[in-house]
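Next up: the structures, one after another.
Two complexes, one shared chain (subunit A), two partners (subunit B, subunit C).
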Partner chain A sequence: MNAGPVLPGRDDDPDRLYTITKGRSRAPENAFDLVTLIVAERQPTPGMQSEHVRILRMCEAPTAVVEVAAELALPVSVVKILLGDLLESGAVTARHPRFAPNKARLPDLDTLKQVLHGLQRL
Partner chain B sequence: MREATSPDGRPRRRPAPRTVALTAAAVLLTLAAAPVGITRALGAHQPLTALAVGAVTVLWLIAVGLAALGAERSGALAEDLAAQHAETMTALVAAGSARQAETAAKGRAAAAEAERDTARAERARAEADAAAARTELARLRTELDAERAEAEVARERAAAEAEAVRERAEAERAELDGIAAGVLPEVVKKLRGGAAVDSALAAHRKHPQYALLRAVGEEIGRGERLRAAALAVCATAAGRVQALATSMHAELREMQHRHDEEVLGDLLRLDHSTAQAGRMADSIAVLTGARSGRRWAKPIAVESVLRGALGRIGAYQRVRLHNASTAAVAGYAAEGIMHALAELLDNATNFSAPPAEVHVYVEEVSAGLAVTVEDSGLGLGDGWLRRAERAVSGEPLDLTTLSAGTRLGLAVVGVLARKHGLQISFRPSARGGTGVVMLIPQQLVTHPAPESAPAPVVTQAPAAEPARPALTPALTPGRPAPARPARAPLPPAPHAPAAPAVTAAPAVTAAPAVPAQLPPAPARMTDSGLPQRRRGQTLATTAPAAAQAAKPVRGDAVSAAARFGAFRKAALPIKSDGPPTTDFTSDASSVTEKDSR
Partner chain C sequence: MASNGSDVRPAAARTPLRATADNALKIVVVGGFGVGKTTLVGSVSEIRPLNTEEVMTRAGEGIDPAGSWGKRSTTVAFDFGRITLSERQVLYLFGAPGQERFWFLWDRLFSGALGAVVLVDTRRLEDSWYAIDRLEHHGTPFIVARNNFGDPTHTLEQVREALDLPDSVPLVDCDARDRESGKRVLIDLIHHLTDLAEAELAAAAPSMYEESTA
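Let's look at the complex of A and B:
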């Protein structure tokens, strides 16, 4: 049938996504966004789901969620579910690349809008 | 005294008393007179006279004796004479009576003679009668012989006819037997093999029962054509559904990548339904002898095989996989094994009530790979157990054993097991239900080089631990490069100019585990236009040119880190609603938090 790499859609694995997520289609909590950095806290243990193993290997150095998704060739939502499992079990930690002080220092939205208007009027 | 005895022993006859008395008187007289005479003579001195007296006495005595003897003898003679006389008288009387008897006998003899004559006459008459009867008998016998001869002839003729009839019947029966034993099976075999009726019967054109053979052959041929047509229709339909399911899977997979989680749930449900429909089509294809749904061109990891099987059943969420094996199943057999496993799992989930879980264990044994499916459901009865064992035994599938289209599962498993040499055994499970063990033979199992091949990563990870606190979001230049040995900045490939860091990531697990023995496949692009590494391939084989280009810059960790940090900074404000407000922790605090663990 379409065993060849011709058809679109990368359907060259027997795993269906719902078996990878065990039927879930939504991460339990909104703990991740695309750029959340994931860091592995443990070595993978035998018997783990292979995706978890790969995430843990990959995240020995901090890696963004979107990067993990690209590496696993899985949709980001699915990766978020998997990461949620790992986060729950404490195998990874998530860090958000945010700068709290920077946020405070950012000019507020009105100022920016005014600047934008001024620029457009130029 | 003298005794008178008779020589013949007759009782001794006593001497007559008169004789004895006389004799005694004479002797006494003599004995008295003699001494007196002698004495007187002697007194007278006359010896001679004494002598003479003596001598006379002696002579006297002798004479007396003789006389006594003679008297005695005459008496005896007289007695004898009297006895003889009496005897003679008796004899005379006897003779008289004998004569009388003779006379009587003579009379009787005469009477007997007369009787004999009569009897003789009678006999003569009887003999004449017998002679007549004998003649009659002889005549009758002759007639009887004649009749018997006729009957014999008739019987022989009848026997001959019966023999002929029986021989004919024998011959016909032998022919019919031959048809049943030899001809018909051969013809049916040819017909089943797809031959036309004429060609199947060509060898038996001269057969005496050709008409019968032809009628039977045509019927069987029609039945065979019907069967083959029905099978072909089923197989074709199943194949089309398979193709449809496969393309739907591909489209769904593509959509799942395109849409976010709002739609993902629906897509996953559709995907699940499609997978179940595809399994149905696969089952029909297997039972009709068509090929299975897909061919995988690469070995499929056991985990994927299990999950591929899992995805095809309804109640997949009740199944727990316990797998630590990293082995893989040969691509050509993977689909069949997945399908068989799916049928077993379907049985297991169907036969256990909803909250109960079904457990799947994988064990690497010397004979191959043992996959155990254990449910805690009702358990199979003995009859079912036997049926199940028979269904998966070496006997070829008999479609007639399928009962009204239900319970196809075990028949499918049986066909697939025979095809791929799987050994399947059923046993009551210790947990109350049924345990099914599927043994995948060793020749279908490949063991990829151990996962620990990227050993540097694993062993250096602890060493890199102290460096981790330094991994601020800015990614300091001192970041240990060995943690990502194959890290390579994106080659100046025209199709991926935007996200260098993301494309670099695949190299992280691009383990040297799998030697580049796979033929280099053309690099495939992801949706976002990034090169996609196929499973089991290194990035180098996916994009050899890229790897070549990456070589010189490999050590340039500083610039890479800088670029990565730049990307992350740039990506910062993408989601405004993402993190909760409590997440306003500085990186420093995050790091300390992590360190304190």
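Let's look at the complex of A and C:
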């Protein structure tokens, strides 16, 4: 199952992406935000798809979906499909962003205060 | 921008987040090609800016079970960096191209963003009109930052006029290469968002009072 020295990449032809996702083109709707933090809950097992192995290694520390995509050099939606598999099997957990905009799309004052303090400390 | 699978860095080369990190936030920097988005992201980011992409199906709604990875799809690339704010909070900064096709992906990628910074180059102001229009359309709060590479030939008032920017939207100067300046732009955005949120609370307060005394 290992891909060997040739890693899947964004320059790959569509057939390759089709293979990686086993033909699926849509992740479960709203399962992951771009910045949902992914945490591996177990070690890779023999025979696991190579992309899954790499995700589990990478997510030993919390890692955002977009970082996983950049590291694997795969489109975000492909990575979401792969992460969906791992989430379903319990191999990873997801820490979703807590901020959800209200109707006027403004963040709450507490969140803003925390962000401001964080930026001022930089 | 050119990239392929062979440049993936080993895990050890990455800077991992703290194990306690559990809440990530987004700010988007929008601007035309070459205006300095990646430079701004890089000047404040704790990691070297990374590049990734999303696939857009030309079919529009993504209901394209067999062909989404095929000829009917196109890709949009964007950069990002990150800033650890606290034990638990981390802020992701995205550099997004303002080009037309990108806006089809805005909701999928950037819904839930705190707000946006429109980075403008006074030599190509027209590149910003579309971005400003789209942000207003999506209801995403934003400020405008002029990336100032040297002696400006226009005052900020002239820039505001040329952009037809309402007074309610802050317009600031910055040097995208400078960390302190980049940080200042983000702080300006947060101040603006705070003002908006407070104004909204104040506007909502009388009706809440009426309800509670009714």
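Rule of thumb we're sticking to: the second predicted complex is superposed on the first by the 82 of 122 C-alpha atoms of A that agree within 3 Å, B and C clash if a C-alpha of one lies under 4 Å from a C-alpha of the other, contacts with A are read in each partner's own complex, and residues count from 1 in each chain.
In the analysis below, a contact is a pair of C-beta atoms (placed from the backbone, for glycine too) under 8 Å apart; a residue touches a chain by one contact, two chains touch by 3 or more.
Not measured: the values here are computed from a predicted model.
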item: Partner chain(s) touched by A:Asp108 [first = subunit B, second = subunit C, both, neither]; value: second
item: Which superposed partner A:Lys22 touches (first subunit B, second subunit C, both, neither); value: first
item: Touched partner set for A:Thr63, first subunit B, second subunit C, both or neither; value: both
item: Touched partner set for A:Ser77, first subunit B, second subunit C, both or neither; value: both
item: Subunit B versus subunit C as contact partner of A:Thr93, first or second or both or neither; value: first
item: First (subunit B), second (subunit C), both or neither touched by A:Gln49; value: first
item: Partner chain in contact with A:Gln120 - subunit B first, subunit C second, else both or neither; value: second
item: Partner chain(s) touched by A:Val35 [first = subunit B, second = subunit C, both, neither]; value: both
item: Doubly contacted subunit A residues - partners subunit C and subunit B; value: 7-12, 14-15, 17-18, 21, 23, 25-26, 33-37, 57-58, 60-64, 66-67, 70-71, 73, 75-78, 95, 97-101
item: Touching residues (chain side subunit C, partner subunit A) in the complex; value: 3-9, 11, 14, 16-19, 21-26, 44, 50-55, 57, 62, 64-71, 73, 75, 80, 82-86, 89-92, 94, 109-112, 114-115, 139-141, 179, 183, 186-187, 190-191, 193-194, 196-198, 200-201
item: In the complex with subunit C, residue positions of subunit A that touch it; value: 6-12, 14-15, 17-18, 21, 23, 25-26, 33-37, 57-58, 60-64, 66-67, 69-73, 75-78, 95, 97-101, 104-109, 111-120, 122
item: Touching residues on subunit A, where the partner in the complex is subunit B; value: 1-5, 7-23, 25-27, 30, 32-37, 39, 41, 43, 46-47, 49-50, 53-54, 57-58, 60-64, 66-68, 70-71, 73, 75-78, 80, 93, 95-101, 103
item: Footprint of subunit A on subunit B - complex, ascending; value: 242-243, 246-247, 249-254, 256-257, 260-261, 264-265, 268-269, 271-272, 275, 293-297, 300-301, 303-305, 307-308, 310-311, 316-317, 322-324, 334-335, 338, 451, 454, 457-458, 461, 464, 468, 471, 473, 479, 483-484, 501-503, 505-506, 508-509, 521-522, 524, 526, 528, 530, 532, 534-535, 568-569, 571-572, 574-575, 578-580, 583-587, 590, 594, 597
